[in-house]
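To start, the structure under review is shown below, and the notes come after it.
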Amino acid sequence: MKKIITLGEVMLRLSPPGNQRFFQTHSFDVEFGGSEANVGASMAYWGMHVAHLTAFPDNEIGWAASGQLRRNGIDTRFVKLLPGRMGVYYLEQGAMQRSSQVIYDRYDSSFSNFDGKDLNWDEVFEGASWFHWSGITPALSKACAELTLTSLKEARKRGITVSGDLNYRSNLWKFGKEPHEVMPKLMELTNVIIAGTRDFKQCLNEDFKNFTEVKNMAFERFKDLQYIVKTDRISHSSSNNTISAILYGEKKTYSSKSYELTHIVDRVGTGDAFAGGLIYGLLHLKPKEAIEFAMAAGAIKHSVPGDVLLCSLQEINDLASGEAVGKIKR
Amino acid sequence: MKKIITLGEVMLRLSPPGNQRFFQTHSFDVEFGGSEANVGASMAYWGMHVAHLTAFPDNEIGWAASGQLRRNGIDTRFVKLLPGRMGVYYLEQGAMQRSSQVIYDRYDSSFSNFDGKDLNWDEVFEGASWFHWSGITPALSKACAELTLTSLKEARKRGITVSGDLNYRSNLWKFGKEPHEVMPKLMELTNVIIAGTRDFKQCLNEDFKNFTEVKNMAFERFKDLQYIVKTDRISHSSSNNTISAILYGEKKTYSSKSYELTHIVDRVGTGDAFAGGLIYGLLHLKPKEAIEFAMAAGAIKHSVPGDVLLCSLQEINDLASGEAVGKIKR
Amino acid sequence: MKKIITLGEVMLRLSPPGNQRFFQTHSFDVEFGGSEANVGASMAYWGMHVAHLTAFPDNEIGWAASGQLRRNGIDTRFVKLLPGRMGVYYLEQGAMQRSSQVIYDRYDSSFSNFDGKDLNWDEVFEGASWFHWSGITPALSKACAELTLTSLKEARKRGITVSGDLNYRSNLWKFGKEPHEVMPKLMELTNVIIAGTRDFKQCLNEDFKNFTEVKNMAFERFKDLQYIVKTDRISHSSSNNTISAILYGEKKTYSSKSYELTHIVDRVGTGDAFAGGLIYGLLHLKPKEAIEFAMAAGAIKHSVPGDVLLCSLQEINDLASGEAVGKIKR
Amino acid sequence: MKKIITLGEVMLRLSPPGNQRFFQTHSFDVEFGGSEANVGASMAYWGMHVAHLTAFPDNEIGWAASGQLRRNGIDTRFVKLLPGRMGVYYLEQGAMQRSSQVIYDRYDSSFSNFDGKDLNWDEVFEGASWFHWSGITPALSKACAELTLTSLKEARKRGITVSGDLNYRSNLWKFGKEPHEVMPKLMELTNVIIAGTRDFKQCLNEDFKNFTEVKNMAFERFKDLQYIVKTDRISHSSSNNTISAILYGEKKTYSSKSYELTHIVDRVGTGDAFAGGLIYGLLHLKPKEAIEFAMAAGAIKHSVPGDVLLCSLQEINDLASGEAVGKIKR
Amino acid sequence: MKKIITLGEVMLRLSPPGNQRFFQTHSFDVEFGGSEANVGASMAYWGMHVAHLTAFPDNEIGWAASGQLRRNGIDTRFVKLLPGRMGVYYLEQGAMQRSSQVIYDRYDSSFSNFDGKDLNWDEVFEGASWFHWSGITPALSKACAELTLTSLKEARKRGITVSGDLNYRSNLWKFGKEPHEVMPKLMELTNVIIAGTRDFKQCLNEDFKNFTEVKNMAFERFKDLQYIVKTDRISHSSSNNTISAILYGEKKTYSSKSYELTHIVDRVGTGDAFAGGLIYGLLHLKPKEAIEFAMAAGAIKHSVPGDVLLCSLQEINDLASGEAVGKIKR
Amino acid sequence: MKKIITLGEVMLRLSPPGNQRFFQTHSFDVEFGGSEANVGASMAYWGMHVAHLTAFPDNEIGWAASGQLRRNGIDTRFVKLLPGRMGVYYLEQGAMQRSSQVIYDRYDSSFSNFDGKDLNWDEVFEGASWFHWSGITPALSKACAELTLTSLKEARKRGITVSGDLNYRSNLWKFGKEPHEVMPKLMELTNVIIAGTRDFKQCLNEDFKNFTEVKNMAFERFKDLQYIVKTDRISHSSSNNTISAILYGEKKTYSSKSYELTHIVDRVGTGDAFAGGLIYGLLHLKPKEAIEFAMAAGAIKHSVPGDVLLCSLQEINDLASGEAVGKIKR
């Protein structure tokens, strides 16, 4: 059983039920989610050993967050309980021509003050095959940026493959550094980068004409880079998207099938499901199969409420291999 | 800030949750709604000053109705609490090929006995720019028909622009008068009429070959008429409609974009959202922009549960201007 | 008023609300359903006298099951309360490319031990026009297989028309007999068979090249056979199917319209709704009208949550005759 | 199996969930209830044959009401579907020092216009042992007052025992008659009267010093009277009551135990549960046992949500006989 | 109609439904509450004109908070929409021997950064009779402490009566000042102080042997003080308390009845309900009646879910005057 | 950190919400529970390392059960996924004089067929301080009886303290052995027995006059017995119990305080909470403190919904030490 380590904040997710707007709701559905833990949970559901590095406030809300990671099969030995507050995000599910809406309230959370100083990296990475991070963590605070860099160095020192989802978000990066002051060092330590043209632009503060230019630059500049992965999404409406993905090796390129997602249940976490599928695929499958598996994982997540892909290997393989879908399985 | 006055009944709306049928439900979702107050609430959400004229029973159900108007930003200074009962409508949401169904239980409600005699019209219309009524009110009772006429006269006396949604409903008009005995006088006092061919036929008890004939007749007969507005809807199923609208000035005609509404959440109140958008548009925009704004407001309402459009100006402008929709706004 | 008798197990149905997966749910919606009682309930809603033969455990869960049959208009005089357990099925509603999933827990239920020895067949069939069974019952246990045979003989002895939905399910038939040891005798006693090629193959343990071969064989072999009925379904996804049906007489064939079911609410019981519509149709209409009525009933069931079609004759006739659908009925 | 006939309106009951107030609720729990049908339902749960006479509007709300009677085991053969509206009552559950509150909206309901002219009394009363009415029905309308009188005459003509719960409510009796113009004739035809001093005062428009005076008057005046039954309730708060009852024969008096009801779940229908228990008791038990059974039935109803006592004979007998209560039954 | 001004933060309140613990919940009931707005809302329900001074973040959560104030009848003209975050408090309802638990997450909220600089005090206090503040506001931040002082000066300058609920909370006061550096100046400007011995000790940083000593000190030191009010509560368990209150004038003392609160629904906001009742009482009643009204208001709040007393004047007067409680009001 | 091993079945628990009866419910709240895992979960919440031995069906229901154990902090390394069905118990919460009711449907579950043959006992008991079993497991099946005996031998072989809750249930023991054929051998291997007189009688098939006789017999007969523990419960009603406990050493006896449990939320699992508290207490405290801690744990569980005590050490210590309870903790 492969062991995977993930690092990142997990927030309390508060959503009005169904299609209600924030203005009219009288209750919130409670979930916990965060990009990197979502990636990990998808793989834990497939039987892999996934340990997540994070911090929660040492109160009942933090305990519940930790319990929910465990429920999803994640090893929480390295979850720290600290003073402070729980990061929160409010999510309103869109429908039709109305967009989904997220209000972040994560500033000054326990995680954003987490420096990981008391983590024993030998214990953390013992037996691990893969480490996954995202561009959200270094954007949160100075402490988090440093923790990300440290964790990458510790991982690579031990020969562990590293994947990173650049995931540039303009409303973060408030702590005094620009992305290009932080990200390039992290990208150098990363073997598999998930990103689009815009992410590369923002993280490197450079301009690119198209993704080919990005790709050429990246394989030249980042010596340990094995793959760049890019997803494409067309949003016909909040309820209906088309998605596909491409896996770029330095020499070869592998394209996935395209999926029509005509009745979207929950778009949040679909990129994380894709990333989980990608890591699983690169660890167990050939590149072409890996990108198909990843895209099927990302596609089917759109049907599952919450942040986390809760689908079995068989369900994903059936979808990837074009097995009849939509029938009742008895 | 423009001030708008609206007049009409607000009912208790009782709906089985989700797609349940009346026969099988064990609870009702509670909303309050009525065509004209819905029109007002959409504009109150955009920051306009909207006061609604209506009456409720003086009990906790009526107080709750009044409270809900306030929550939606409506000025309830002119809401009267009277003896009697609350008007009710039962709404079953359709799906696919199954139609939505409404059972009205509004007979003899407090509003239907409301004659408005103790309204101080100077106070009501002080500072107002617009007055909106619909053909539902005069159809309810003799008292309501007279109140509508009085309110129109009082509005026009003060130079206030008047819009009316003819909204002919065959299951009303039980109090002893035919529509054509009541409606023409009201239409004469109206500057902006929202109606289709069938509404004109029923309200005037005349026949028309097509809408062009209607339009020519109307601008000739109703001297103060500035605009006629007509919406077109194709119901592919309860879940999927196509809509568009046309604004007819005496000389010029303005057509809106057409919207594919492929995953309808709640169709009720979409005409009211359109009317609210129209009034807002005619008060603030050029005619072409106004009809686009109105149609975008009507379209996006299909995604909001309840009777009332709860969407910001920016959301509607984004849709009207073709901004990318369906992405997650963070 | 026609009287119909149905026979079969009714199970407790436990479903996570909305689109939740089993893994994540914290509550189950409770329904009761079973193929043959579903068929009966659809007809009871249309005013027919339907009595169902079944057995429940003599505890509050069994009483509730019986009460729910009564609520749906079914005559429960012949429902037995026995020792034992309630059959259960867990249902997870799929969405998009994710399939719905059923976990059966019906082994050793009160019904599976029900031999019907104390049923008074004269009372059961007094005044009855039709008897309906399905291939699920004889697959459950030796007792149930024998009860099915007995009931068919008793029905045919009294000249009652018999319909059977072969409904082959591979995960049943665990009691020591193969389908072909049991089903042929039952099919001989059946006048209207609902089945596809695969059902015939499994029940007769023979191979057929296509349905024409099936049809020719059947009318030759089963002397009392009046109609074979076959439905065709294309599953684009869990949310979107296309369906149609064909009614084969020995000489003539009648095809229904095809329906696009683009926003499926609940697929379970749609075949039963079709069967209910078929029986109603064959009792009251001409063959072409009957298959159209049946297919409309089956189609509109996809919009109703739960196992049972709760739609009026008028709703189904409107759909079958192409009346405008999807408008709000006030 | 004894057969019981009951007569009366069944209303749609709409309650905010839990302890919410009308002003703050966003949903209503849906139940159906009415005094006499509640009495019948308690007995149907005990296996008696109970048929209820009533009328509902011929729409889905009325169909659901009828279905719910059937679910509760009531024979609905004599339920009529008429034009008109469903009677409604809004119920807010009190707690502690806050009273429960009922808002009636039953005026002009289908039942209030029901004259029962097309009832075939021979069919209705065939095989019946008992007929139960309450003082609510004659208070609703002229039609209902006449229907009550007719039904009583028809029952007594056939030698059927009649019980009546006088149940005086001041907010009814709006149709032009005073209680004393209507009730005495009905009381003369009644063998078992359930009432307190105030009920007798209002129904006879006479004054009584105490219940002894009432009792003496009643047995003298009403020649067919066999029993008067009176319950006593002390309301410490909405959550905590003490109750007991006395059964007065002309010669002998039987007192029940007193019950401390310290955590009331739902007080509505507790008098009806008592009446159901009384009828059952007088049909099957000695007077002392009957009043104990009735009071235990009334007491335990306070623990059951909704209008209807859903408790088995054994549960009630256990309580009446002082069996250990409050343990978990496994 | 008296006009009342209140000042203070309103938070989003998130509670697990029923008796669930934070650790196990999957949804939060959503309310909005804050001590001073709760005081105001109780009076608005009684028909008084109440305007609340506060600030919310300018997003949908803040808009909803403002809408909810309006629903409760509060004039929101002076509510500011600012950048920043919504203050949150998580509330777990206790039961029996388990305490209720509150987790505050209000640091750095929009309100805590609100300095009120752009309030027009002439507009705010026009026509006002009373101003109410609490010791929570000056404890939040330097800006809030200054705003409180300013508002008190502005109120007293205009001859408006001022009440203050000292409400000392040890987990606030984090901004660098001790209570005794801030509170005495505010108390000097207050006419009616609600507080117990501990509040006085903490706010003045002095020691007192008993409340008599407190009282004597207070009337001597605070020249404009008219009343001190103290409530006494015995917590038998989370579900069962006994409460009473005393109103101390300089010369005379008035004690309220004591209430047994044996089935508590929601304890939060009961002190605010008491304060609302007190202000109403002092404005409309004699002192003895005022303290009885206030205590009845505080007592009955324990039966209402949410932060706010939603009870009519009549309900409170009935309770205060010993009217029968706990009966069903029809 | 002490390590505890527990063994036993965990069932799916299905309960109607609130106080609803089985007959009337339309949904079930979903929990997972079983006596021994409940014991373990209480200790896991206090930070102890608890591993549970059990088996679930290898389907999504079983996966969810396992996930829920993890959420509650239990180490699930030794949970087996097998063919078969999930054991179920239906729970109806009583209220007032109405008893709670449990319907078991656990026959032939995956656990009942679990023989534990592939457990590596060295791994299971590595580092463990305590092993806990109950009399439910050997009552389920021959396989389970043998597994219990094996586990006890393996535990004692390694010097691990063993506690057993005799927990005699008459509706189990259906597999062909009487309790006295199985239990004595298990009791001999147990150091701490939790049981009352009736349990001893049934398990030994002997008669005892009183508990003193039981105690004397037990310490004489079972050489390794260190403590017998007995709880006493008086059920005033389903909502109100009084409980206390006694810890009997061979020489000394320790009695706990008695608790009035006046507003019971959920009685299920309270004995398990007590047992968890007892094990914790005997591992960390003196005997008198241990029995007080255990009884406080058992008492406070009555306030927590579900099978499992989710209360912190501090909450239990506060209760045991008489700290003020029922106040809001902020």
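Lettered A, B, C, D, E and F in written order, each chain numbered from 1.
We take it that contacts are C-beta pairs under 8 Å (C-beta built on N, C-alpha and C of every residue); 3 or more make two chains touch, one makes a residue touch a chain.
This structure is a prediction, so every number in the text was calculated from the model and none was measured.
Engineer: Using the contact definition stated above, find the chains touching both chain A and chain F.
Structural biologist: C, E
Engineer: Any idea how many Å lie between the Cα centroids of chain A and chain D?
Structural biologist: Taking the average C-alpha coordinate of chain A and of chain D, the gap between them is 62 Å.
Engineer: In whole angstrom, what separates the CA-based centres of chain E and chain F?
Structural biologist: Result: the chain centres lie 45 Å from each other.
Engineer: Please set out, as single numbers or ranges, the residues of chain E touching at least two other chains.
Structural biologist: 18, 21, 23-24, 26, 67, 101, 263
Engineer: Who touches whom among the chains?
Structural biologist: According to the stated criterion, the contacting chain pairs are A-B, A-C, A-E, A-F, B-C, B-D, B-E, C-D, C-F, D-E, D-F, E-F.
Engineer: Contact residues on chain F for chain C in the complex?
Structural biologist: Contact set of chain F toward chain C: 14, 17, 21-30, 59-61, 63-64, 67, 85-86, 88, 90, 92, 101, 103, 105, 107-108.
Engineer: Using the touch definition up top, name the residues of chain E that touch chain B in the complex.
Structural biologist: Counting only chain E, the residues touching chain B are 67-68, 70-73.
Engineer: Show me the residue ranges of chain D that touch chain F in the complex, using the header's touch definition.
Structural biologist: 18, 45, 259, 261-265, 299-300, 302-306, 310-311, 315, 319, 324-330
Engineer: Looking at the complex, which residues from chain D come into contact with chain E?
Structural biologist: Within the complex, chain D contacts chain E at residues 18-21, 23-24, 94-102, 104, 169, 171, 235-241, 263, 267-268.
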